[in-house]
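Chain nomenclature is as follows: A, B, C and D, assigned in order of appearance, with residue numbering initiated at 1 for each chain independently.
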């Protein structure tokens, strides 16, 4: 879809800049009768919020979400019930630390979108990255909170599986550990390794990339569509739309290049309960663009942020060579905060395809 | 976009099944005044055609493309000129080898879309994979032939960079070699290695995955859009829509997870000609979703085809356990034929974004 | 939607020019399991076909439709069953009467799209009007034939209610009469009046406008959506997309400007069968963009064709003043043939909204 | 387009209910560099505001618009400059007069969307009509304020041309009069007639319909597209999406049914300045879906509001027969306030097509 909207029946439009008045989203196509509380949505936003450990940017943002439309309050005065009309959600920007942007307004930070925005639009909101700031993802996470409610029985979870060269041991995978450490690591053994490593990165004013894995369980079989509305295609598209993401995989992903057909095919058998069973899940829960009923598994790679304390060579808007060093708050591994964002994107893609299959009023739900 | 259409201003709709009467595409939004010959389009289709070496399926298809609408013939009787109306292209299916599909009609081949189509639609064209067949990609390649003409100065080329565990040596990269071997390999040194390896795979009735790299040169800076119309997002979406693709990367891709901010940022300097120069291209030609003017670089991983001669465990539509062995023509590495398809997808994505920027009549071209 | 496609879940793309090789449509999103015969589709095309009376153009077109994809043949060898993949239909152009277009190629016929196409595209297929020819509507009628099958119990019928100043007497309305005269008139008393009147128009080489009324019965209540996906909005959009249509009404239409709130509101009562009953249908079956369960009633006005035998003042592509007289076959009242086209458009709009509500696989059907 | 969004490149999404916290719109695709002041947008909203004469509802709404994103302030601290990112505008609801909705919550007002919303969604925001309230159109008018700025030289004006059976005399048409009376009448002679007539309607607690005419000047020739992206089609679609609109016409509209080809065709001649001149404008500025460069002329009919003080027969949500009388503030002719809304819709349609033609960054402007 175009510009600042994604989805076909569960449609999300986001708006807002880093240092503007507010940012938000309009969720159009959310079926009626979905029940949720503001606290539930806020909880997802809190997970994404910066400043929660020394390993992420110290920018303080309350990120308090408001629901402006599309719901009626239940008699408990707390539960919101969607009415089928657009759900508009807004997050006011509170920490717009006043500072002099004079220097950065004209200089292109290497690896940022400064240069390309100027080339494309001829004008750019340079304050905190403007529209290209990761602030925008707060709106995605709010939308994802609703999306999770659309598909009955759906669970979408993510975890960080790699920072720099340090990967988790998949044999240690424990979802219960994910919220017990500042990295969303599913492997407790990796936590001290990452702490050490990231402390070094942080003190050097440097940054490093990461990989996130998202797993969606409870996805009904038959969701998606062949050819250009493939479920994996839409997941890839949305994950790739997250700031700084440079790669996306489904199931075995790039590793499948090294596999043989015998190794890669997921065999099937009838289960004792009369339902088909897959004996493996190399496909990541999707065949021919359509869900198999197995967990949907996606991974994405986030590049290191280009905002580092070392001077880099660049140019300015007037065509002069300059050296640029990013001042201020610093994010040694933006991949950490990408975990709840990745969850939100996968939840939205699944909700959209669920509604394509079931209809916009979702009466089969 | 939805179902069987992609693109926002350069819109491609494909249709057709493997063993139906014909297949084709409608290219809507192609600007007027584009000049091309049927031979040019046919050349791209010939590159994708099966049966050209022992390393790909021996199915014989002529894949002769016809242009049914949207053009006027120039006075030379050969050059077609687009008029701005939909260009409908059709390829008739000629090698519909008659065979008994009775067995496969009810059995789900592991790793194929048989099961998911049946779950979703309750009915499935089992002949040759129906709509999920790679035959569909012939229509993409035809559309890509037009897309290449839309952006003045655009060149889109691809090469195979990995089969199984065997990767090319990037220091040997030579575009001139790509059409000199049956693998579209840019490194002549890898050719005998792959020949040996794939002969083994072929004789064993097995299959193996691969990785393709696509490079687009001549992409004007400023093409793309932030947030949900990112150029890299649309490229990822289209590459992921190709049959059997399980992963997509832009620029450094997954390798960026291991890089530091210093290593990954592409520094800039003013060139002697007064134009900005990037000193590296880790970003793959795209920053913030918008092209930088550098080459756009994308890679994608193709899983091994599940059509292998070894029996695999599966079920049938009646809920019985069965063992399935794919008979007939065999494709040891479907990744090879994905090379021209990847090119076509990237060309279409760039053409679409070019027109979003320049307008549907493309008068700035 | 854009360009040459309409619909959101039931999506129709048409292609082709008047004097090209062929024309056709791709119907994407047709649910699986729809059963139809080629003869059923052909019957709708035959109704639209020119040359069936002296009151329409004498151009001879067989308009034989072929189905190229998206179906499997049932065991009877005749019934087609949709599989959920795109249904491509094609009509080859057979009566491309060769003639010298030299004169008309450069001259703008007043009231035609010649001038605007040239201004927009800088190139134009002048043969028989090219893409702007009413030939394109054959593809719509084919798509409408499928759309009728999508909604169980749906009936869409249309009739001509006005030619020039001569209107039918609504008290005489009899659907059984519609196919008994060359005008699709529901009032047998108007037939001789129209015959006389149109014979005069025809002999004078002139033309005249008309009004068509479309009535859809069996539209389930609750189809449509508020604000920008109103059912009446989409019907209006599609009717207005038909060549030469200049006005569209729903229910009372423009007459509602003269009514009071008391006269216009449709009162309700509970019926004896426990279902709500509307005591009138001024709304034309739609309230707030959503169907009420009453018949959906739409009307549209068709201007007189500008192809007349009298010379009109115009200019040519070189900026010269010229006088233009349309030669060749002549259509005194194009509104007549608009009757089946209007039906097709309303059927498509309803099918699309039905699927938005029920889901693309339409399993609730 | 779907649900609560319209437009293809100039995309407007509206949200909000009559008695919710706020309502607003997100304008996505507005080109960068558009300069405007809040006062300019507010002026259009003020024109639409209720309570400005005794002939419209006395509901008091300040309708103060805020711009939340997508702009930077110029040095004058007042002029906003668009940056190419989404422009989010919000209007807080202030006059949410507290009242007991208990009765109306369960009763279906004849002619309102109460019944159809309940049938479709099973839940409905009954406060002030919820999403189906004409409050939503405030967001359209705000978006229209921006749209007017997108096309250089564009002027879009509208006037009321009919109330009940009383029509203006077109010979008296004077645009300067439109803002001199409470009806937006272009004919001063009709004003006392309408005053008398509407006073009677108002005192009787009744209501009546109306017709609005919109004229857009400065539309460049060549805007629009054939077949399903016709400019007139999109104008018709958007006008029909306005609450209570039941009919739409372009140029001669329904009157064209009574014209002959000789009368209806707009002849052309070369002007003294070397530009083509049309000798009449029966077409309403659009041929084959593409603008001719003449003024674009559209009309639409608004039904009388169903909110009247006379009891009407209806049912309630429990299936009981009830009698419903609308209490509270009353709008004798909703058509009056439709004038600025119609302008906004036509401006948005033209801006969208302008950008399709010129590209989303509108650099040709």
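The rule is short, and it goes like this: a contact is a pair of C-beta atoms (placed from the backbone, for glycine too) under 8 Å apart; a residue touches a chain by one contact, two chains touch by 3 or more.
Since we're looking at a predicted model, the values are computed, not measured.
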Chains contacting each of subunit C and subunit D, listed by label: A, B
Chain of greatest Cα-centre distance to subunit C: A
Chain pair with more C-beta contacts, A-D versus A-C: A-D
Whole-Å gap separating subunit A and subunit D, where each centre is the average of the chain's CA atoms: 38
CA centroid of subunit A to CA centroid of subunit B, Å: 27
Inter-centroid spacing, subunit C versus subunit A (mean Cα positions, whole Å): 45
Of all residues in subunit D, the ones touching two or more other chains: 2-5, 8-9, 14, 85, 117, 120, 131, 222, 225-226, 356-357, 360-361
Subunit D-touching residues of subunit A, taken from the complex the two chains share: 2-5, 8-9, 11, 13-17, 20-24, 26, 28-29, 32-33, 66, 68-70, 72, 81, 83-88, 90, 117, 120-125, 130-131, 360-361
Sites on subunit C touched by subunit D in the complex: 1-6, 8, 14, 108, 110-113, 115-117, 119-120, 131-132, 136, 162-165, 201, 206-211, 221-230, 232-234, 236-238, 240-241, 243, 246-270, 274, 276, 279, 282-284, 286-293, 301-308, 310, 312-315, 319-321, 335, 356-357
Subunit C - residues contacting subunit A, complex: 8-9, 85, 222, 225-226, 355-361, 363-364
